[in-house]
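Next come two complexes, and both contain chain A; in the first it sits with chain B, in the second with chain C.
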Partner chain A sequence: MRSGKLLLTGAHRLAILVYVVFALFPLFWLLKVSVTPNDLLYSEGVRMWPSRTTFEHFQFVIAHSAFPTFFKNSLIVSGATAVVVTILASLSGYALSRFTFRAKYWIVALMLITQMFPLVMLVAPIFKMLSPLGLTNSLTGLVIVYSAFNVPFATFLMQSFFDGIPKDLEEAAMIDGATQFVAFRQIILPLTLPGIAATLGFVFTAAWSELLFALMLISGNDAATFPVGLLTFVSKFSVDFGQMMAAGVLALIPACLFFLLIQRYLVQGLTAGAVKG
Partner chain B sequence: MASIDIESVRKSYGPFPVLHGVDLTIRDGEFIVLVGPSGCGKSTLLRMIAGLEEVTSGEIRISGNRVNDLAPKDRDIAMVFQSYALYPHMSVADNMSYSLRLRKTAKEKIASAVGSAATKLGLDPLLERRPKALSGGQRQRVAMGRAIVRQPKAFLFDEPLSNLDARLREQMRAEIKKLHADLKATSIYVTHDQIEAMTLADRIVAMHGGVVQQVGTPLELYDTPANLFVAGFIGSPGMNFLEGRYVVTGEGAGIRLSDGTVVPVARRTGIGPDAAVTLGIRPEHVVISDSGMLEAGVELVEPTGFGIILHLSLHGLPFKIFTLDREALSAGPKVRVDFPQKHLHVFDEKGNRVD
Partner chain C sequence: MMHQPIAKHRPPLRKRLADASEPYLYSAPALVLIVAVMLVPLVLGISYAFRDIQLLNPFSGGFIGLDHFRALGQDQAFFGALRNTLWWTGASVLLQFTFGLILALLLDKPFYGRGLVQALVFLPWAVPSFLAGLNWAWLFNPVIGPLPHWLYALGLLDAPHNILSDPNLAMWGPIVANVWWGIPFFAITLLAALQAIPRDLYEAAAIDGAGPVQRFLSITLPFLAPTIAITVLLRTVWISNFADLIVVMTNGGPADRTQIVASYIFTQAFKRLDFGYASAIALVLLVLLLVYSMLIVLLRQTMLNKG
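Let's turn to the complex of A and B:
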């Protein structure tokens, strides 16, 4: 019985380990290739770690390519999208969670419908719409498009967080002397920090890795985001894997940092002690 | 402090009426308890006074001023919620001072108001804690503290004790009563617990099905319930009811029960002979005696320590007796009972009291 249980636990841990290795292996490979000197890349066969490592790819990417521009553009686009979407989604999610109003049902249905289209279908019409507005080839254009596509899902996400906060709290605040908006800002919003963090993280990473629209709406390096920029390492006759991977490793940093920053809020149950318990 | 007037107040949710016209005048400094079963509209009425629900029709006045269209924040009332509704991200002190901070009260004033409320409620050592680090009773106290710091015109309580265990509830009940004696603030207290209603209220408003059934002091409701609902709701164990017909005898009158026994009662007006009536008597008023006129089978004996509840079967119907006499423990299998005339209640076919 005891050994059976031990075996089961062991198998469970092993399964998790296998999964983690499987999930992280591409990242490891990314790192490995990024530090492999060019002359060893094809000559050493398949090895877990090159016999000699180098940071020359990183140096080149940072100093001599347009990567810093891509990086900066991506940071701006993803950051702005995350902030815009989170603000809009908090407000609309709160409205859906707390208010009853006419056409609420239809608004929800419409927002769901927007999630049903394959994005590829929308590339051409969106290009047509943005082009006369001068929003192609601009970061603002990308922020608008990304925000539009992320707001519905983020709204539902935020709504579920608001639903989890007892209505009594803002009623208490309103009796204490707050308007509904002040109650929202001072009482409810601080309690939805986990939700806000989750939404920020979700939208940031979605925008960070978005390729399709970035590729279609942006031409030229000035406004290119990093996923588009990665393609510049693919030239007509060869792919510069070392530099591409180095750029990839660098691109991972902000996403990691971002989640490091917000993970505290993601795991915290902030509403503990609000109501009976 | 303020008086509160409620005039023909109705509430419907869409086509569904919940309150069918409530009239009530609450005097300055009075402690009013709204009592009734779940769904009777008592909480809705309270929330309408607070401004958390809209008034469908009718008028609510606080200190003579119509407040129907005022936001909760402009009504100057405080409310204690059943769930306490403490702000989890604020310390106890911040929870209590929130209303004063919103009103931009001077810092020193806030500190002294919070300090004195905390002392009154024994919260001094807890001021820096977050709600999650408090026990249920302490949270309840903080909720009370939050209400009293700003000395509002009226206090509203929405079943504030129903999440506490029995002992704590008893203790807090006494504290609320003391607090009211101390602050003399107009208070409206909603509960479904008739003991809380009896012990706390200056006047009880018994509600059922969105209609006020009776307004009066606790003892008025207990001694002269206006109808079957109030008679059955107030008092524990609840009043016994027996169906019968009103008969007029030589000098007096009586109620003829189904087995033909006539229980003598005082003459009633406003009711004709042979009218169908319900006879009511409280369990503690039934007398067990060997010469009793009715015989009942003992089904169950419940000693509560303080007294004994006998569950009987009278003419096949459940019937209860409450007695302090420990001899009742060995009662049975049959007992004979008597109904003292002065403790009998008679209700007509519609359930209204007849005297």
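Let's turn to the complex of A and C:
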């Protein structure tokens, strides 16, 4: 009985270990190649760690390539999108959480539909619409498009956070003479700070990862976001593996930072929002 | 309600209008954005399906009726893409779900260092999809990646070549990348559902002499069933539209063997700049997804009626 239990525990830990290795191995390999000197890249192909490491790829990517521009562009686009979406979604999420009104059902339906249809359908018409407005090849255009794509999910997420806050709080404030908007801004919003942080993180990560619309809408290097820049780089100089992977490691940093910040809330928060919607 | 106004007079019209419009004011900015950037392009895209719209041809733009759909009926690449979509979606969802469920069950047991392990195994979820695609493409590359050599050593490949350029195996590349990337999503969702199951149920069952398998079948599975149904259905739609990994890893090749409908639409719009034809394919995809969703709703209705 005792040894059976021990065996079971051992199998459990082993299975966990397999998952951890599977999850981390690709990222480990990315890191490994990014610090492998060029002359060892081919001779030590399958070794787990090169006999010599170097940061020359990182230095090259930061000092002599357009990647800092891509990085900056992605940071601007994702940051602006996250802020815009979080503001809009807290307003609309609050409306869905606190009011009963006639169009509510239709608003929810509209937002659900936008989650279901293939966004790739919109690639061509959005390009046609933005082009005469001068919003192709511009970061502003990307921010507008990404904001619209992320607002519905963020609204449901914020709604679930507002639902968790008792109504009595703003009712008390309103008896004291505050308007509902003042009560919302000064009492409810500060209480949903974890929710706001989670929403910012989600939207930032989503905008940071978006590929297809960035490829379609951006053509030059000046407004290229990280995915576009990296893919252009790959198709142009596909032999500089060390540099590409160094760039990849750099692209990973902001996403991982946000992930570590929000991962505590992930299991409770995300599913509360996602399943509810 | 608690706070009835003491005097029973109706508030002035302005006040009533302001009250009635308040929820609309909160939701208006989000709605305007959604309508302008998603709904209007959707309608425009549907109209493009019946028009000749090519970006580089200034004389295009006229209505051509059903010509695109006739061309689509003859387009072998499109039918290939349909078959590939089924294969890609089915294999990805099944593997992601299976491994996600196992991971959730493993993480549901308390053990030392669980928080850290959870952060590590969920990490792929935070990796941007284009990077996940590139990362796996590099792993499959025999020049710098270990996978071809390992597969060769295991006897699964007869030479350490790149499976992404082998027409018969290429689809496995994006599928493996997708499974790696998508396991955390299922695990997170299922873990949250697992943690919502009351613990005393298990204790009571254990006292009554139920073994672990029996407990899993008669407590865990029934509790998880609604979550499983919803996530699998939503994920199926989502993955069938998910073209990033394929665009990055194989671009639909070799010989269109990894082209799914979503990546085919993107290729038509992005490479050939044929917006009309791309929109026609997109319309067909939309109809297929609608049919799928209706079937699910019907299925659910019949299940509910039976229950």
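As a working rule, the second predicted complex is superposed on the first by the 235 of 277 C-alpha atoms of A that agree within 3 Å, B and C clash if a C-alpha of one lies under 4 Å from a C-alpha of the other, contacts with A are read in each partner's own complex, and residues count from 1 in each chain.
Basically, contacts are C-beta pairs under 8 Å (C-beta built on N, C-alpha and C of every residue); 3 or more make two chains touch, one makes a residue touch a chain.
The model shown is predicted, which means the values in this text are computed figures rather than measured ones.
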Which of chain B and chain C A:Val151 touches, first, second, both or neither: second
Touched partner set for A:Leu75, first chain B, second chain C, both or neither: neither
Of chain C and chain B, partner touching more chain A residues: C
First, second, both or neither for A:Ile175, with chain B first and chain C second: both
Partner chain(s) touched by A:Pro166 [first = chain B, second = chain C, both, neither]: first
Chain B versus chain C as contact partner of A:Leu191, first or second or both or neither: first
Touching partner for A:Ile62 - first (chain B), second (chain C), both, neither: neither
Touching partner for A:Ala103 - first (chain B), second (chain C), both, neither: second
Chain B/chain C common contact set on chain A: 171, 175, 270-272, 274-275
Sites on chain B touched by chain A in the complex: 50-52, 71-73, 77-79, 81-89, 98-99, 102-103, 130-134, 136, 139, 146, 163
Sites on chain C touched by chain A in the complex: 2-3, 20, 22-24, 26-27, 29-31, 33-34, 36-42, 44-45, 48, 53, 55, 102-103, 106-107, 109, 111, 117-132, 134-136, 138-139, 143-146, 149-150, 180, 183-184, 188-189, 191-193, 195, 227, 230, 237, 241, 243-244, 247-248, 262, 265-266, 269-270, 275, 278-279, 282-283, 285-286, 289, 293
Chain B-facing residues of chain A, complex: 166, 168-169, 171-179, 182, 187, 190-191, 270-277
Residue ranges of chain A touching chain C (in the complex, touch as defined): 12-13, 15-16, 19-20, 22-24, 26-27, 29-30, 33, 41-42, 45-46, 88-89, 91-92, 94-96, 98-99, 101, 103-104, 107, 110-111, 114, 116-129, 144-145, 147-149, 151-152, 155, 171, 175, 180, 205, 208-209, 211-212, 215-216, 226-227, 230-231, 234, 241, 244-245, 248, 251-252, 255-256, 258-260, 263, 266-268, 270-272, 274-275
